[in-house]
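My questions will all concern the structure given below.
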Amino acid sequence: MSQDSYRLILACPDKVGIVAAVSTFLANEGGLITEANHYLDPDSSWFFTRQVIAADSLPYGADELRARFAPIAASFAMEWRLTETAKPKRVALLASKQAHCLSDLLYRWRSKELDFDIPGVISNHDDLRSYVEWHQLPYHYEPVNADTKAEHFARIIALLEAMKPDVIVLARYMQILPPEICSLYAGQIINIHHSFLPAFVGARPYHQAAERGVKLIGATCHYVTDELDAGPIIDQDVARISHHDSIDDMVRIGKDVEKTVLARGLRYHLEDRVLVHENKTIVFE
Amino acid sequence: MSQDSYRLILACPDKVGIVAAVSTFLANEGGLITEANHYLDPDSSWFFTRQVIAADSLPYGADELRARFAPIAASFAMEWRLTETAKPKRVALLASKQAHCLSDLLYRWRSKELDFDIPGVISNHDDLRSYVEWHQLPYHYEPVNADTKAEHFARIIALLEAMKPDVIVLARYMQILPPEICSLYAGQIINIHHSFLPAFVGARPYHQAAERGVKLIGATCHYVTDELDAGPIIDQDVARISHHDSIDDMVRIGKDVEKTVLARGLRYHLEDRVLVHENKTIVFE
Amino acid sequence: MSQDSYRLILACPDKVGIVAAVSTFLANEGGLITEANHYLDPDSSWFFTRQVIAADSLPYGADELRARFAPIAASFAMEWRLTETAKPKRVALLASKQAHCLSDLLYRWRSKELDFDIPGVISNHDDLRSYVEWHQLPYHYEPVNADTKAEHFARIIALLEAMKPDVIVLARYMQILPPEICSLYAGQIINIHHSFLPAFVGARPYHQAAERGVKLIGATCHYVTDELDAGPIIDQDVARISHHDSIDDMVRIGKDVEKTVLARGLRYHLEDRVLVHENKTIVFE
Amino acid sequence: MSQDSYRLILACPDKVGIVAAVSTFLANEGGLITEANHYLDPDSSWFFTRQVIAADSLPYGADELRARFAPIAASFAMEWRLTETAKPKRVALLASKQAHCLSDLLYRWRSKELDFDIPGVISNHDDLRSYVEWHQLPYHYEPVNADTKAEHFARIIALLEAMKPDVIVLARYMQILPPEICSLYAGQIINIHHSFLPAFVGARPYHQAAERGVKLIGATCHYVTDELDAGPIIDQDVARISHHDSIDDMVRIGKDVEKTVLARGLRYHLEDRVLVHENKTIVFE
């Protein structure tokens, strides 16, 4: 934890010799691999790997490592990146009135359970200002109504531009993002939806669940795409309910599932454990 | 377990005094209540209860108890029934080629974990005959194809008529029952669907789940109605999967969930723990 | 939720007619029962019940209800109490350095997910002062070392005396309470232990778990008695780990289990759902 | 599934270049790696890996592969083995009176969900003979009492010697194996214990659990060593119970956990996913 690492994430069409090439390269440089995961997708014949290298096992820095690795990457037509634990990701938080997911993430941030920076919190309500500001974080109150959506999202885009986030987390932010934001930050926006997707897409999923009489309720952490609640799923979980649970009970029970699933999904993303392939995720837990 | 009991199940519009009337009646008769559950549905203001009475605490039998209780039931406009543990329910089993649910139920039956009688097993394949017959149970092989559905289901109706089942269990029986059977045995047909309903209704739910990239797969035990996979849900459960699980792995992992959920749902039904109200169930676990 | 209720909790040796007597009494007074649970312990032949009565269905208040019910209670030798949702319980919180359980409970308190009052927070470290004080709650920093235990606990007793708590929650408070406090507040002190008891009693349970190589870690919410980690268990849960989880990972994963289990156990207690019988609990969920 | 593979399992003290050496060797031979897992134990600095190689990607057989790999293994002081999916493991089953684990394993065997051979079933009761023999498997009834243990285990040793098992599964076999058998088949005997170890070691764990008032019951699949219930844990799981569950209910609920955990643990072992290091397991799921 305390030791700096590089994370090499790559994907390419499979052929014999990829692992040999990567691991021989790293061994020749003296790189100590502390964690490694591989996955060969049998349907697409694509190969995916995540390798964690102890930074101090190399006599040079991340840029030099990138430069030396580039020819190998090119020869296998790899999609790849090398990230540095010394540079925590910047996470912009979008919330609404409900505090449970935001409070949970702020706890994990201030206790250093999760390692990230917060350039700011944006909300369409002012309710959470005092709590956020106690953390000495900027709070941007941006009200919106049916007539002001265009200007609202223009302001949000401007705020995000200034924040330069690596990740945008929708911590029970109840607005549907316009396609422009979705494509500006493709693969970087994480949402928590309060149902076990694909069941109960859209509004009021607990009401939909009560109507159907399900015996488990769930939450889904996923990347946001243009299509509502249809992006690649990072993580999901459920909790048991019974006939005596009212919708209020479902909301209460569900909140614990939502925050746990969002925190887990965000951790996977922050630690570069999630690779997106078509509309699915590979999660190297 | 070993002691005979009566189970009094009733539902009626709520008003003050129902429990008092029922429990005073039972106390006056000397009836020892060994288990009691109540539920007041706040939406419909209907009241539901299940009470288990030690048979030998009463000086007379079930029919006399029914006769004595009838006036109280009438005065509250109760829907009610009184069942006897001494008369195990008759369960007709319908299966296809897959053995996991059928094998599991036969184990629970022969080990007496679940208390029921089996008048026979019906299948549209002959694969499971030898296994079923080892249990000294009748096996009815009724093949079917797209052109013979009408005759097929006529034969099934005749077989069921002869079996006089209290319950029909579709133990991964892969045919859609015609409306006629659904209404002949309304509230008595239990199906196991291999998804977390309402996600992935219909055919090949594991393929649908793989396509969507979910992180949990599930199974749902429900009563069969005319509308496919839309009847009242008795029980559900899920199992975690990950990107490296193929559809074959999902099928394997799912089988364990299916048989557990079906056995649990059937147990609830056999023990008169399930009350159906509108399209939902009250399950007094 | 929004409507005031009375909760009648009682236990007595079983005999025919208890439910009849209680429910007839309530019906005669006009009391509307909105929730009812019964349990007959077959080993001890004791009967337990929890009944929730809508306060406004009665023409008088809680004291009058108590007075009218007392003769019935006496005739069955009942141990009983009647609580009022209009009078939230007072919960004294004891913590140490670790913030996860305390933060979680403060969230549930300020969001009104759980209904209780907090007369104050006591800690043997000053780390959490600013966070607690943001909630406008008193924070009592009471340092302790091996030589000052006697005075320390004398001060704690004095603080508690002034707080008049109904419940004392040890939210990862790392000191062992002296017998005097245990008996002063018997049945009122709730602890969260970071293992699946009775495995890994005492100090450093995650280290013990790592040493044994278990595949699940757990947490246990229990009432505190004189015997360390041996009091009646209110709730437990577990989370899956694997060989690649270090002790730091186990601590991180465990924290989520601890706070969930503590919050659940506290909710059961606050809602009078927990009855203690010998060294076990009956939890009417 | 259908395609033959080799599994290369190895462990050695960590140093830079192990993966490079192994993967370069395999790449040079033309070996297609379809699955790979690594683990570096930070405490002992030992490295563990499991690699699955498509058999038909190599121009020669398993023995030649072993011969060619041996020098690399020697140069890193590896403990290693290469197994072949074309040679299913031989599993001797030991049972007693209870049928649930044995029935479950026989189902998984006859449905080919798990790939193994069964040289025979040994039991100290004759109850399960007919069921086992329906599967056309040899059934060895070996009664035992307190006075005949020595001869009994001598006969068991002889039976096992004839069966030449790769694995011995104690499918709720209720006898404690003598040290001689434990050491003859060290690392090859798998037991299912009906508790969440290390809680409730030894006899009647459900009675111990009821006595302590736990809220979850569990089962543990582990390798058998000389010390009772203390061998390396392969897998564990739990199920929720409540105050109204009697010991009979716990036994019933527990059986489902036991058979699931045993089947999962056995699958891991059969697929060479379990590596034992000191008294712990690395399980490459």
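Note that the chains are named A, B, C and D in the order they appear, and that numbering of residues resets to 1 at the start of each chain.
Everything below uses one rule, namely that a residue touches a chain if its C-beta (ideal position, glycine included) is under 8 Å from a C-beta of that chain, and two chains touch if they have at least 3 such contacts.
Worth saying up front: this structure is predicted, and the values here are computed from it rather than measured.
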item	value
Relative to chain D, chain with the most remote C-alpha centre	C
More contacts between chains, C-D or A-D	C-D
Chain A and chain D: spacing of chain centres that average the CA atoms, whole Å	37
Chain C-chain D separation of Cα centroids, rounded to whole Å	41
Multi-chain contact sites of chain C, meaning residues that touch two or more partners	35, 244
Interface residues, chain A side, partner chain C - complex	1, 35, 99-100, 103-104, 107, 111, 113, 131, 134, 244, 248, 252, 255-256, 260, 263
Parts of chain A lying in touch with chain B, wherever the complex brings them together	39, 41-42, 196-200, 212-216, 218, 232-238, 242-244, 246, 279-283, 285
Residue ranges of chain A touching chain D (in the complex, touch as defined)	16-17, 19-21, 23-24, 26-28, 30-38, 40, 57
